[in-house]
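What follows are several structures.
Each of the two complexes below includes subunit A, the first together with subunit B, the second together with subunit C.
Right, the complex of A and B next:
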């Protein structure tokens, strides 16, 4: 690409100016809401009720967080623990299941690999729909109010398998063949050759799964009624949907008086707590996601 | 066949856990599709309940509440505008990224734009609330300080399609722009050099080189979205408006309608809706895959 100096007020100049403006504008549009959430969570509740939301903390205070973590009992800590456990156990299980089948399907000597891949692909283009799925999950597998219900239904993603196969497919088969001649089993090849060679891939797909579990509330909405088993996202969802019901005027004011509404700062603090770990890890994990998307995109 | 299984037994065993998950959560539920053609009741079970043919489907399209056609329309409208803006904006971002310099500026802005992808719809719902809540929301405060009347957003359904489409585009713009940037890194730089020697300015280069080159990617991604145009984003709708009955009619998509009608209108009726959706999906995905192969030199979507 050419890198000549751009003359002021030429066509090139306007293109450049537009590009800088648009990108800066959109970056702010993506960050501003988060800054607002953060600042409200560190504000004093009476000030927020009086002056509304803003991007600068009003009467800076950490009371809300103190209240949530120290004085409000164990509910939020419990939800936190549920989310962390689900994310760790779920991701490990998902990775084992996904990497094994991706590895197996990347071996050219496997005669029925296309048929197996087709069995997987078909679930993407056709599904039974929500109700039959819900029916078997609750009536046959009894996932209601069980932690398994938060993991198993989403434990294997065919899309993630696609992505991982792209990486495994890039490993030269001759490496496997020579190990095979030396008498190694496929299990050994998988553990000591394929996985070490695809470390980045494992990390990328693993992080994608982890994000999925962390952000999941669909499974909880479907299966969990017991408040003690709410993951963090579903905890937040419940707070917000109570608030929605009242601010839409749907709930009669008499009834509304009996429901103790979480304060504005609590809502935003819970939001912050929910995304906190993502924010802290973001600088380190971002590049793996970009890598994953690019690998997926190039294949398309 | 037996010899093959014996020889590669280990590899087939490695496929078993994944296949079991698909069996349990994708294939076995397919048996439940039968409910769509019956009048399901708990006592007689899925296969013992009375067979009613296509009655459930008929009810979906012709019932007096008109909810069926309404939710189909909502799904298509939200997905259509999501597709249009969700394509134009990321391409514009990707092109603009090619024009700006400065490593830190690029890194910071890209990180910022990619971040919404990491948020769950519930968190996006909290952000939407921060903007639109009646008493404390940003927007009403701005309206009030400008001397305008405030709006009870969560009770006014007409605003919510645009709000939801905006949230959708906002969440995915950074992610999708990365896909287009990935496509653009493969473009032949000598084309641009030749064009600039010929005196084409940057705008003409974008118009006559970048856009035509990026067309196949756009077509493939759009076809993928069109294949799923009958599927609403349950998480998006539920995360942002929950089960708010005042906004329901305007933003209910097929998926949320199925969920909320599950208890009130029964399993058979809602299974029928899901089946209609899946069949439409199957038809559209197959068609778009065929089309994609045409524009993409034999490479289908999968």
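Right, the complex of A and C next:
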């Protein structure tokens, strides 16, 4: 049987062309600032001060990166190490705690599970505020100047718990019941059935936690005084914070004159150091998200 | 049954929350505790800090800025051994970056974190007292600071008195008349355009115009310099005496005024507008007003507002970008009287949560005991980072920034200039306050607790409407009447009346006859 080729409508062509154009425009609009940041970080500071930002590096120079890494000595490398360790340990701990409580709350046989969920919900809506939280963390939990202070305050997110609970709720209870009949404990069911079936949720929540730990500087600001324990983001935040301080106008004249403001190239280099690893890593992780989402998309 | 259980759970949560709000004997008193109980705590601490001989007590100092390796090494290996031997104390520095310093200070003091000594701006002392962030120091100073009292006179200490109680130590004691009324400008550019002096606002305009013609790559003034311009246009000295820029005290008329209704303000606004219209001001002077110092340090701007010594503070940074730069400060309307309007700009305080307030006072007393200690704290031991040559400090490395901030602990009795400071400046410095008058409001601290809401409303109008007018960014004739109407509606008259009332009380209490 011959198949007749359908003549494409000219309207389709124009719609397609417009769609491609719009997407390309949005992609360039998103990419251009990143290119600008990268370009300025590799430019000579005097040229940037005189001529402004440019997409092409002006008087190409790696002095800024050398300054940051050499001037900081081993500190920036130590900060990297602290951040990587905190991210890995914190993410694993957060995932264990969050997935366990989510799984437990998804078991219909759990008594008072709704009450427990209600208590968790309560903390989303009501909060004691900054000072009581700080008071509890420092005076009761003694998190000052400890690595635990970088992990424990944000080890559990109720939002992530509800997200994971939704996924666990979608797993047929009959699977758990049949496993129980076969003699499996709840721990066995959690490890062997629930977790494998909710890979997408695990990856999604895991990435959220990992990004949260990677980008966190707030806990370091509140609890860490020892420079050896500064995570990367707080270390870099300190380099840039003087800009905000000067802008606020609160810094006294004598101090303002002596505050070293980072140059434009330093600001951009710090930005690249901060986001660089995530930009490199994300494309490798992204395919797992796509696979995970697509796995759940086809229903036959 | 389930409903009852839910209610029980909610009640348990509520009770545990309320229980958590209560203090225990182990926790320090909260700021809402009466001052009597905290005074008792302070005196107990004083006794506790009088350690037996041989024991060294720790003083925790909250310090703005970042820790450096050099500073850490100095504190641990040089300063603390000396302090331990000579004063029985050692310091533990708690650094908080400038951006977060004030927020962190507030949180830490509210949570009764241990801080024995901290710095803040002297103009904020009144609000710190209202927030119970500093304890009375009268007895502590008397018992622990005999040497400090020799170099910080009563007149300077009076700046730290609020309602008759010494709550802070105004630590920056130095010639200070005409504070923020000087114009620090590029002298090399002034010479290049053929001018020799700047005494009036018109001279400044001429300088900016000629500089623009001859040096088009420069970006003009870095600052709208409203305080020097106010001095230029006012008939009498106006001293700012409340929060922000809203209220001034006329030193000759002896009254408080809304600054934005004075003729001087109108002249300042019109002058700045003319500078904009002539293309001599950039937009960032208005939009990024607070970054004036950092603009000046870029080396491409002409002038910035300052106080005595401004040129020395920023010359290194300016020359980093403009190696041939020369800075000099000028006083507009130089024949008008000079006034000392403040006991410096810095204050050192001891919070109620301090565990070693006596130790904190001993630390300050040690610094001010003699010039050798003072220079040691600022620059380290002589011979290591500097030498003293003909009464001047010769730095071994010009990039050396010192240890404790000089501006925080400045004392005219001990100040020693570096070799790059000109003899002319030193001569000016030493005689700067000679013919200066002391402002009536030098030790006045305005308590805004009665007018907090009005102050907030007025500051909002000032920020949104008067700042662009003051900077000359918008047309004066069109915008000023509307802005003034809004300021009146915000309650500026009541605010000024409250300032005047407190001034009258202050004058009566201090024996002023006006």
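Everything below uses one rule, namely that the second predicted complex is superposed on the first by the 224 of 300 C-alpha atoms of A that agree within 3 Å, B and C clash if a C-alpha of one lies under 4 Å from a C-alpha of the other, contacts with A are read in each partner's own complex, and residues count from 1 in each chain.
By our rule, a contact is a pair of C-beta atoms (placed from the backbone, for glycine too) under 8 Å apart; a residue touches a chain by one contact, two chains touch by 3 or more.
Just so we're clear, the structure is a prediction, and the values are computed from it rather than from any experiment.
**Q** Which chain makes contact with more of the residues of subunit A, subunit B or else subunit C?
**A** Subunit A has more residues touched by B than by the other partner.
**Q** Name the contact category of A:227: first (subunit B only), second (subunit C only), both, or neither.
**A** second
**Q** Check whether A:166 is in contact with subunit B, with subunit C, with both or with neither, and answer first, second, both or neither.
**A** A:166 sits against neither subunit B nor subunit C.
**Q** Could you tell me if A:146 is touching subunit B, subunit C, both of them or neither one (first, second, both, neither)?
**A** neither
**Q** Could you tell me if A:27 is touching subunit B, subunit C, both of them or neither one (first, second, both, neither)?
**A** A:27: touches subunit B, not subunit C.
**Q** Between subunit B and subunit C, whom does A:119 touch in the aligned arrangement: first, second, both, or neither?
**A** In the superposed model, A:119 contacts both subunit B and subunit C.
**Q** Please indicate which partner A:127 is in contact with in the superposed arrangement: first for subunit B, second for subunit C, both, or neither.
**A** first
**Q** When the two structures are overlaid on chain A, which partner does A:200 contact: first (subunit B), second (subunit C), both, or neither?
**A** It touches nothing on subunit B or subunit C.
**Q** Just subunit B (first), just subunit C (second), both, or neither: which does A:18 touch?
**A** Touch partner of A:18: subunit B, not subunit C.
**Q** For A:49 in the superposed arrangement: first (subunit B), second (subunit C), both or neither?
**A** So A:49 meets both subunit B and subunit C here.
**Q** On subunit A, what residues does subunit B touch that subunit C touches as well?
**A** 49, 112, 119, 128, 130-132, 134-136, 221, 237, 241, 244-245, 247-250
**Q** Which bits of subunit C are touching subunit A when the two form their complex?
**A** 2, 5-6, 9, 13, 17, 20-21, 27, 64-67, 69, 72, 94-95, 97-102, 104, 107-108, 110-113, 121, 172, 180, 217, 288-291, 293-294, 297-298, 300, 306-307, 310, 313-314, 317, 321, 345-346, 401, 405-408, 410
**Q** If we count contacts the way the header does, which residues on subunit A are in touch with subunit B in the complex?
**A** Residues 1-2, 4, 10-12, 14-16, 18-20, 22-24, 26-31, 33-34, 36-37, 40, 48-49, 51-54, 96-98, 100-101, 103-105, 107, 109-112, 116, 119-121, 123-137, 140-141, 152-153, 155-156, 158, 161-162, 185-187, 190, 211, 214-218, 221, 233-234, 236-237, 240-241, 243-245, 247-250, 264, 267-268, 271, 274-275, 278, 282-283, 286, 289-290, 293-294, 296-298, 300.
**Q** Considering the complex alone, what residue numbers of subunit A touch subunit C?
**A** It is residues 46, 49-50, 73, 112, 115, 118-119, 122, 128, 130-132, 134-136, 138-139, 221-222, 225, 227, 237-238, 241-242, 244-261 of subunit A that touch subunit C.
**Q** Quick one: in the complex, what on subunit B touches subunit A?
**A** So the residues of subunit B touching subunit A come out as 4, 8, 10-12, 14-15, 17-19, 21-22, 24-33, 35, 46, 92-93, 95-100, 108-109, 111-120, 122-123, 125-127, 129-131, 133-138, 140-141, 152, 154-155, 170, 173-175, 178-179, 182-183, 186, 189, 192-193, 196, 201-204, 206, 217, 220-221, 234-235, 238-239, 241-247, 255, 258-259, 262, 267, 270-271, 273-275, 277-278, 281-282, 285-286, 299, 301-302.
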